[in-house]
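Order as written gives the chain letters A, B, C and D; numbering starts at 1 within each chain.
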Amino acid sequence: MAQTSLPGTGLLKGLAVTVKHLFKRPATLMYPYERNELAPRTRGVIALMDENCTVCMLCARECPDWCIYIDSHKETVPPAKEGGRARTRNVLDRFAIDFSLCMYCGICVEVCPFDALWWSPEFEYSEYTMDALLHEKDKLREWADTVPPPPALDEGAEAPAEVTEAIAKAEKELEAAAQKEADKAAAAEAATTEAKAGGSGPKKADEPKVAAGEIDQETYDALIAEGKSERIARSKAKAAYVKKEKARLKAEADAGGGDAEAAPTPKAADIKVEAGQIDQETYDALIAEGKTERMARAKAKAAWVKKEKARLAAEAESAAGAGAPAGEEAEPPSPTDAAGSDQAPSTDAPAEEPAATRKLGDVHVEGTGEIDQETYDALIAEGKSERIARAKAKAAWVKKAKQAKLDEEGGA
Amino acid sequence: MSDLETTERVLPSNAPGEDVAFEILGDGDFPTAEMSLSIGPAHPATHGVFRIVLDLDGERVRGARPVIGYMHRGFEKLAEYRDYRQIAALTNRHDWLSGFCNELGVAIAVESMLELEVPDRAQWIRMLMAEWNRILNHLMFIGSYALELGAITPMFYAFREREDIQHLMESATGGRLHFTYNQPGGVKIDLPKGFLKRSAEISKVTRERFDDYVDLVLGNEIFQGRTVGVGPLPQDVALSLGITGPTLHATGIAEDSRVTEPYLKYGDIDVEVPLGENGDAFDRFYVLLHRIRASLDIIDQIHDHMPAGPVNSKLPKMVKAPEGAIYVRTENPLGQLGYWLESDGGRTPWRFKMRTPSFSNVQAIPYLMQGALLPDAISILGSVFFVVGDIDR
Amino acid sequence: MTGLDVVFVLVGLLTAAGAVLTVTSKNLVHAALALAVTLAGIAGVFLVLHADFLALVQLVVYVGAVAVLFLFGLMLTRAPIGREALDSQNRGLALAVSGGLFVVLSTLIVLAFGDVRVDAMTGPGIDVIGIAIFAVWVLPFELLSMLLLAALIGAIVLARREDGESGEEAEVTRIEVGDPPINESDGPPAEVAGDGQAELPAGSGGGGQA
Amino acid sequence: MTVLTSTTALAQAPSILDVGDGVVLPILLKVALVLGLFFVVPLVGGYLEHKVMGRMQNRRGPVEAGPFGSLQLVADGIKFIQKEDIIPRAADKPMFALAPGLALVPALLVFLVIPLGPGVFAVDLELGLFYALAITSISVLGILLGGWASANKFSLIGGLRAGAQLIAYELPLIITAITVAVMAGTLSLVGIVEAQANFTLPGLEGFNLWFVFPQIVGFAIFFVAAMAELSRPPFDMPIGDSELVFGYMTEYTGIKFAMFLLTEYAGMITMSALMVVLFLGGWQILPGVATPGCEGAAGIMSCDPIGIAISVLVTLAKIMGLVFLMVWARVAYPRLREDQLQRISWLVLVPLSLANLAFVTILTVVL
């Protein structure tokens, strides 16, 4: 292995390598003047949103080196309604993390059930003494403002639970609306479905939820023919499938919602339901209400999806009013469209208030973490984790509350 | 080189084999007093608090006694009081250059005890990370070994590469050394968008820069002069001392858990195990360097295989391994890492025993150093790759 | 008295002081260094006498090579360093011999030159020396080099003597090389920790990253 | 006897410091000027090393102290002065204190004879070359003593290695230097430069050549031996930080440590300057090219101030070029082993330099 053609070649090669680098740009980052762009997931410092903290002590207990100090006291809250029962709740007095002990494992952030702890990529908090590394909740709260939004996930990833749930919910609502009116326009629906069936992949027409993992065979074949790698083709085909499927569902809903001729399918390419888009209005409102950021984001996302769809439906309606032929508009997306689906064409579209009838999603209910006990128990019984059960139960509660409100309004 | 090797080397008496005392033959006609030279625990060549006491005759080493334990942190005992998630965060730290591979072993052990099905995507992601971690580790040793032989530059190049890779891994895991990305049942969270693309780019760049190391270090005549024939480790000695990893591969034995008993999805791809011939310092370095290339090959294969889907399976809030015991071994960058996990059904292990590669590998040092010159002793010390935390735990 | 005379006296005093230190110092390395000073002083004397070439030869050969070799050997062979080992019982005899030698030599010089003035301002140039050595005195010069060569070979033969012929080897005593040079003014003999670690500063940290 | 010719005529070369009608500035002033220059040049060499090494290692080198970090070494010096001067309890205090000075002073004394330009030198000794070599050999005494006096095993081994290295490489160095002296027919450094202005090879009459062309082997030997004698990587076994912590400098701190460092940089400059004088034509721009502002063959004799400035700059540029080569070797190569180094000296360099000497002597006598 130690062979070289001529003695000294190795020495000369060493000189060549080093002199080559003499003329290269140095890899140095001039730190205080330039800064590295740190990944959003960087574990720099633990930030606390103390308004979310319920003093459940999970973080302090799970911490492997016991560097979290929490003090609290109980407070009696007067009953919400007259004659109700007074409730007690924990009030956080002290929340401190000793960063001279912390080993940055992130377990506390992970176990926090109320999203009070977050990682921030801040890292410049060195001190001259170890004592000074014990940071109280004021300081930890300041860092919370530096927490970046989580990065989008890889193409092959399963969407986060919040997003899938929100999408599923929105679609269920749309479908419910469609079902309601299906009797009125059964023939029209059938026609539309037939028109769409040609291009919308081999999926069942009435599938309510867009399942990850299905691929658009057409797109896939086209990409493979183009010489793309299998992986890329698959992921893009998947995206294409999701898009088509959503378009189809949308079309169904619209078809159910109105006249067959008057409600043409909107262009499939226009509907891009990208995880991560949020409805700022909803978001702000929720944040103002004191919801956690994550919850607000999830809800705002769902709201965005809903609004977007409503907007598109409205557009489609107006287009139909102008007499555009339905069949031509409803072209299936071409493989190139699918390939370019990473760009979101509707990102900048203004979120108009839909003119449609009030649907479940438009109803706003007040809620601060109540859960639907029934759902919760059922899920726990199914063996789901507590956290998941709680999240789902929460969602279920909100839905029920909304339904109730809607019914009330309808009754009025 | 070898004409200086006038000394017959014998196995240290604590090693299996015949019981022979240290003896120097052909010592010349100027017998001089022995000097005992303590290298470490704070010495530039020991990268960490490792101490080795050399009995020197002039510059020739008569005997070497590694003194370990300066960094003992009681990992095994600590693990008995931590639940499985916390253990993953702990095991990150015994071999701090291979954090991901360490926690991977814990995750696999717990999963095996729970008979937990790990999603495919999680397994591929784990492999991808493990291979990047392997490269991170090897780059460190390539740089530091060259530094120990007096070449300062490879260290800087290695750190440049390491920075890219660490940045990549940080974008997914949040950590640069201590990733804490594994959890029983999968990985914590899926890769961020664009990760695979960047991973492929960095793989390409690292591959291009690979030649620099070959030209600058491996092909250099001075480097060869310092390493060829220095500290040869015979196969039987290596096996009897339980040496694994690159140090073993340098002797020509292809014992690699990824090949011999594949875990994760290593069975689905080609894993190349670079081998040496003589087991000397040069071969050890050669193997280490070429393992980087082999790992890059694996990474490229993983990119092509990466499936879609979930990355973790649902777990109860408190993971409790059922009663019983299991031994899991994985191929860590430095050799075979074994975890013996014994559970009484509680939330913490009843016993958590580590078989760390560094601990076994340093057993070779007294054998290799007998009769070497002092500079060769440094060359040998650097070429038996170890991490002090991994020895002492 | 010219300036040159002053320099001569100063250099002479330095040389003499070095010589005295060489024989009185109880520390071998100190003695060796004092010897180096003496040899360098002699080079200075040559310089004052305008024998530039000789002065430089003196520097190269005696200071640069012999003194270094001396120190080198001293440190390498680990000759016992310390008071007792150096205390010679033959002090009186040595004094008598060197005193006698001094008397003989100075008498000879005085008898040979008397009060003849030597013009020190025109030392021989290297060309003169070269011609003298390689033309006029070439035979004695070559003979001398033969003698040196023979001595060299003899030394090698002695050093390379086979095992067994060498008879009884000197008994090997275990001495810590890092032992402190004894310094009288330094109170009790400072003890260096057996492994030389006690005084070690923190490592320079070159490889400390790993 | 063409081999050894007197150079008394050349030794009387006019000096830059001859002002007006023969008023010569006192020699002390000349010495001070040259020494001042040579205190600055090592700093420039050190800066060059920092910068080149940094860029070759894909980093920037010093950037903060002064423009482009050029005052880094000055800042380092100030830092060293401020540092606590630690003397180990077991050390031999007088020797410990003496050693750095003993190492540094000879390295600086060599500067006295090195010509930077026509007339730009402190003294032009008839035996300049011999003087330079003699003085440099004293430096090792300081290193050896420093290693011993530290009462540290690593220091001692470092000192011993330095001594062994010096003994091994002094020989090829001196033999090669003698070879050049034989070609030039003088030991005066100024004389050697001037000899190169008129040097040519038979058959190439009209083509002026420097000694490096016929003596490329000699130059290589001298370069390697100089690096070994200075303990420059890849021959830095006396320091060998991974083996000996910091060799003979391990116990040194503060200003004493700085003196050892300065010795190394000063040594780099003197050795480079010697190589420039011996092989690279001293202050001549190119073989056979006259320096602007100077008269005589290749600008040897009488220059006006501009010519002198150009000559000095040319010399400094050549010195820095050689320093660059030394730094380059440091960046690219690992360290040799002590026995390999001895082997290279005794089995390669010494026979080679002897053969070279024989060859050149025969050539010179025949021609």
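Just so we're on the same page, contacts are C-beta pairs under 8 Å (C-beta built on N, C-alpha and C of every residue); 3 or more make two chains touch, one makes a residue touch a chain.
Remember, predicted model here, so these are calculated numbers, not experimental data.
**Q** Going by C-alpha centroids, which chain is farthest from chain D? Tell me that one.
**A** A
**Q** Per-chain Cα mean versus the mean over all protein Cα atoms: which chain has them closest together?
**A** Closest to the centre of all protein C-alpha atoms: chain B.
**Q** CA centre of chain A versus CA centre of chain D: separation in Å?
**A** Inter-chain centre distance comes to 69 Å.
**Q** I'd like to verify one number: the distance from the centre of chain A to the centre of chain B, where each centre is the average of its C-alpha atoms, in whole angstrom.
**A** Centres of chain A and chain B (C-alpha means) sit 39 Å apart.
**Q** Please report how many Å separate the Cα centroid of chain C from that of chain D, as a whole number.
**A** Computed value for the inter-centroid distance: 27 Å.
**Q** Provide the C-alpha centroid distance between chain B and chain C, rounded to the nearest whole angstrom.
**A** Their C-alpha centroids are separated by 54 Å.
**Q** Among the residues of chain A, pick out those that touch two or more other chains and give their numbers.
**A** Answer for chain A, listing residues that touch two or more other chains: 11, 14, 17-18, 21, 27.
**Q** Find every residue in chain D that makes contact with two or more other chains and list them.
**A** 56-59, 153, 241-242, 245, 331-333
**Q** Specify, in ascending order, the residues of chain B that touch 2 or more different other chains.
**A** In chain B, residues 35, 37, 43-45, 147-148, 153, 157, 160, 216, 220, 222-223 touch at least two other chains, as defined above.
**Q** For the complex, give me every residue of chain D touching chain A.
**A** 52, 54-60, 63, 328-329, 331-333
**Q** Given the complex with chain B, which residues does chain A contribute to the contact?
**A** Checking each residue of chain A against chain B gives 1-2, 4, 7-11, 13-14, 16-18, 21, 27, 36, 38-43, 62, 64, 103-107, 110, 119, 151-158, 212-213, 229-231, 234-235, 238, 383-388.
**Q** Quick check on the complex: what are the chain D residues that touch chain B?
**A** For chain D paired with chain B, touching residues are 53, 56-59, 153, 157, 233-234, 236-237, 240-243, 245, 330-340.
**Q** Taking the complex as given, what residues does chain B use to touch chain A?
**A** For this pair, the touching residues of chain B are 82-83, 85-86, 89-90, 92-93, 121, 153, 157, 160, 163, 167, 170-175, 178, 180, 188-196, 212, 215-216, 219-224, 228, 276-277, 282-283, 286, 303-311, 314-317.
**Q** So in the complex, the part of chain B that touches chain D is made up of which residues?
**A** 4, 35, 37, 43-45, 59, 146-153, 156-157, 160, 216-217, 220, 222-223, 225-226, 373-376, 378, 382
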